[in-house]
Amino acid sequence: MFESISAVTNSAGYLLEGVGVTLLLVGLSLLIGFVCGIILTLGQVYGPRFARWFVGIYVWFFRGLPNIVLLFLFYFALFPFMGLDLPAFGVAVVVLGLRSAAYQSQIFRGAIQSLSEGQMLAARSLGMTKWQAIRSIILPQSLRLSLPGWANEYPVLLTDSSVAYVIGVAELLTRTSQVISRTGEPMILYLTCAIVFILLNYGGMMIIQYVEKKVRIPGFGNNEAECL
Amino acid sequence: MSDVPILKVENLCKSYGDLEVLKSVSFEIYKGEKKVFVGPSGTGKSTLLRCINQLTIPDSGFVYLNGEEIVHSGKKINGYRQKMGMVFQNFNLFDHLTAVRNVELALLKVKKLDKAAAHEKAMYELEQVGMADRADFYPAQLSGGQAQRVSIARALAMDPEVMLFDEPTSALDPELKREVMEVMRKLADRGMTCIVVTHEMKFATSFATEIYLMEKGEIVEHGPPSDIPTSPGFVKTRAFMGSYVEE
Amino acid sequence: MTDSINATGADGGLGGFFQNLTDSIISQIPFWQDVLLPALWDGLWVTMQLVVMTAPLGFLLGLLIAVSRVYGSAPVKWLAQLYVIFFRGCPLLVLLFILYFGLPSVGIVLGSFMSALVGFILCNSAYNSEYLRGALQSIKRGQLLAARSLGMTKMQGVMYVVVPQALRRALPGVSNEFIYLIKYSSLAYVVAVIELTGAAKIIASKYFMYFEAFAAVGIFYLVIVTIATIGIHRLEMKYAIPGVSGAVGKVSKGH
């Protein structure tokens, strides 16, 4: 028992760095997903036909494939094929980010479509251009509306980030496995790893819920914030 | 006619926190009688009905069904409830079942009838309330009046000895109230014992054998319909009652 | 002009990329026919087994958890909630490692396939229970009251009145979860189950045909997921009831 605990404590620093890598991976992927997601949404809602067509294919592709297959495909095949030499971490960020963009774009799209048409009409009647209306009226409202759905992307990406293990990204799970191969104790170390993920999961959700409360506009939008 | 009342309510009390909803309510009802409870909203009339069939458990007091005490009857309450058909203000039809299957469900699961018998019984009861032609409609496809008639049929199918109506027409438009009231009158003519909570004074006076006036959880006055509308208590309360909707 | 085309090809730019793609596909037809596709068919069979066994068990367990959380006594509710917190919060891959590498160290050896199956069922049930719980709680109280007024026990009311309605409302969420299940079944590869992804990975490494193997397995997944999505949509339409349908408890997630 004592040895088990010391196995954890001795590697604590190494594993903590893994937590950092995991969080960085999740943060960067969320960011890429957010930016690309908005672009995809605007293309799908306001863009010309070929843009809608492209977004449709994009979403179908990234939502139809398992993470692990996407990672293999990009890491072993697509990027080398295109002559890109990204490190595993970079590939994981790009893949998780592009994939998250597919999901986030659909969250934003739902929010934009739930806004009444009157918002756009009112903005245009004041003499705004379409782009101005989108930027200063439609996006601020729809982003607030999509917060509950968007907040859900964090736990999804957090749990998905562990899949980066398969291409050797040195995140928490990979490091846990490395420590286990040195010290044994798979049960106690994997359980610890699970508990750390669970804490990161619910800790992050609590922060997000706090932010959600802060930016809520009285009487606007849904109060159906997912909580557990 | 037996001299044991079908239903006897004795000193029923119910509070929610500090709010006393029922303060020692007592009355009894014999076979074929129609007792109508009127009074301002929030005076405990609906709670009284639910305390009678134990959907709400009273804090104290007793309810006797054919002389048997049922407040503390444990599992046997499910049997007693079959004898007390209940009709809700907002119908509470089972939304996932067609009209006829709404009526069949308890026949199958509680009375354990076989499918054919349950169906026959259900169709008979729907016929009685004029809803046989809507048997295969889902609740969302029925008007409020139709839904309420189905829910009456559903309660009747259990062959109850007394019917409890909890503001059966409150959620309905005036023209839909009429069809439900007609069904209730037909039922009364067949000798069904009824306890009704309502705001419809005109219906109450023509339907009831006795009217009870409730205020703040107590029965403040009761008597035959001919007396009640002119009694001092009612005249005072009438101001609060809002609706004296013509039938 | 010719030089520039050649240069792009040599640089592996976009034109060269597609040129290479076409070339490699045509020259490797025998490889696809004799090696890759047979291996993937075998893998598909294993994937199907995992999915078909997990789905009903994960659903039933999820329903049990959901009913416990809504109608259970205090300790039962608490246990059910703990279950959901753990199996939703723990990445499935970590869970698989606990089952496959961790459990043997305390004397429980499940083996590859069983580890994957058990892990999927635990994960699937935790997520399903959330959709089902939302749906159960969305059913109006009057439905159970009406059931009880007819003499049904609480059990009967829940079983015959509340659950059938809740199931229809949870259907969109539960079927989403089924699509996710198809995709995360690929994680079984990590605990040495040779399903679709595992089969592709083995061929890819053995023949050094990464692009071909992963492109092929990608197409497999896209086809299965698309068929399942269409099938589920049909199912939803078929079992829709006026006034009872509609999405509830939108707890989306992905793997």
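Order of writing sets the chain letters: A, B and C. Residues in each chain are counted from 1.
As a working rule, contacts are C-beta pairs under 8 Å (C-beta built on N, C-alpha and C of every residue); 3 or more make two chains touch, one makes a residue touch a chain.
Just so it is clear, the structure is predicted and the values come from calculations on it, not from any experiment.
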* What is the graph distance from chain A to chain B, where chains are linked when they touch? -> 2
* Looking at every pair of chains, which two share the most C-beta contact pairs? -> A-C
* Please identify which chain has its centre, taken as the mean of its CA atoms, farthest from the centre of chain A. => B
* Structure fact -> Per the C-alpha means, the centres of chain A and chain B lie apart by a whole-Å value of 55
* Asked: What whole-number Å value describes the gap between the mean CA coordinates of chain A and chain C?
  -> 19
* Structure fact -> Distance between the CA centroids of chain B and chain C (whole Å) is 49
* Asked: Residues of chain A touching 2+ other chains?
  -> none
* Asked: How about chain C: which of its residues touch chain A in the complex?
  -> 11-12, 17, 20, 84-86, 88-95, 97-98, 101-106, 130, 183-187, 189-190, 197, 200-201, 204, 210-211, 214-215, 217-218, 221-222, 225-226, 250-255
* Partner chain C, residues of chain B touching it in the complex -> 53, 55, 75, 78-82, 84-86, 88, 90, 92-96, 105-106, 109-110, 138-141, 151, 154-155, 158
* In the complex, chain A residues that touch chain C -> 60-61, 63-69, 72-73, 76-78, 80-83, 99, 103, 149, 152, 155-156, 158-163, 165-166, 173, 177, 180, 184-187, 190-191, 193-194, 197-198, 201-202, 226, 228
* **Complex contact set, residues of chain C against chain B** => 140, 142-143, 145-153, 156, 160-161, 164-165, 168, 241-244
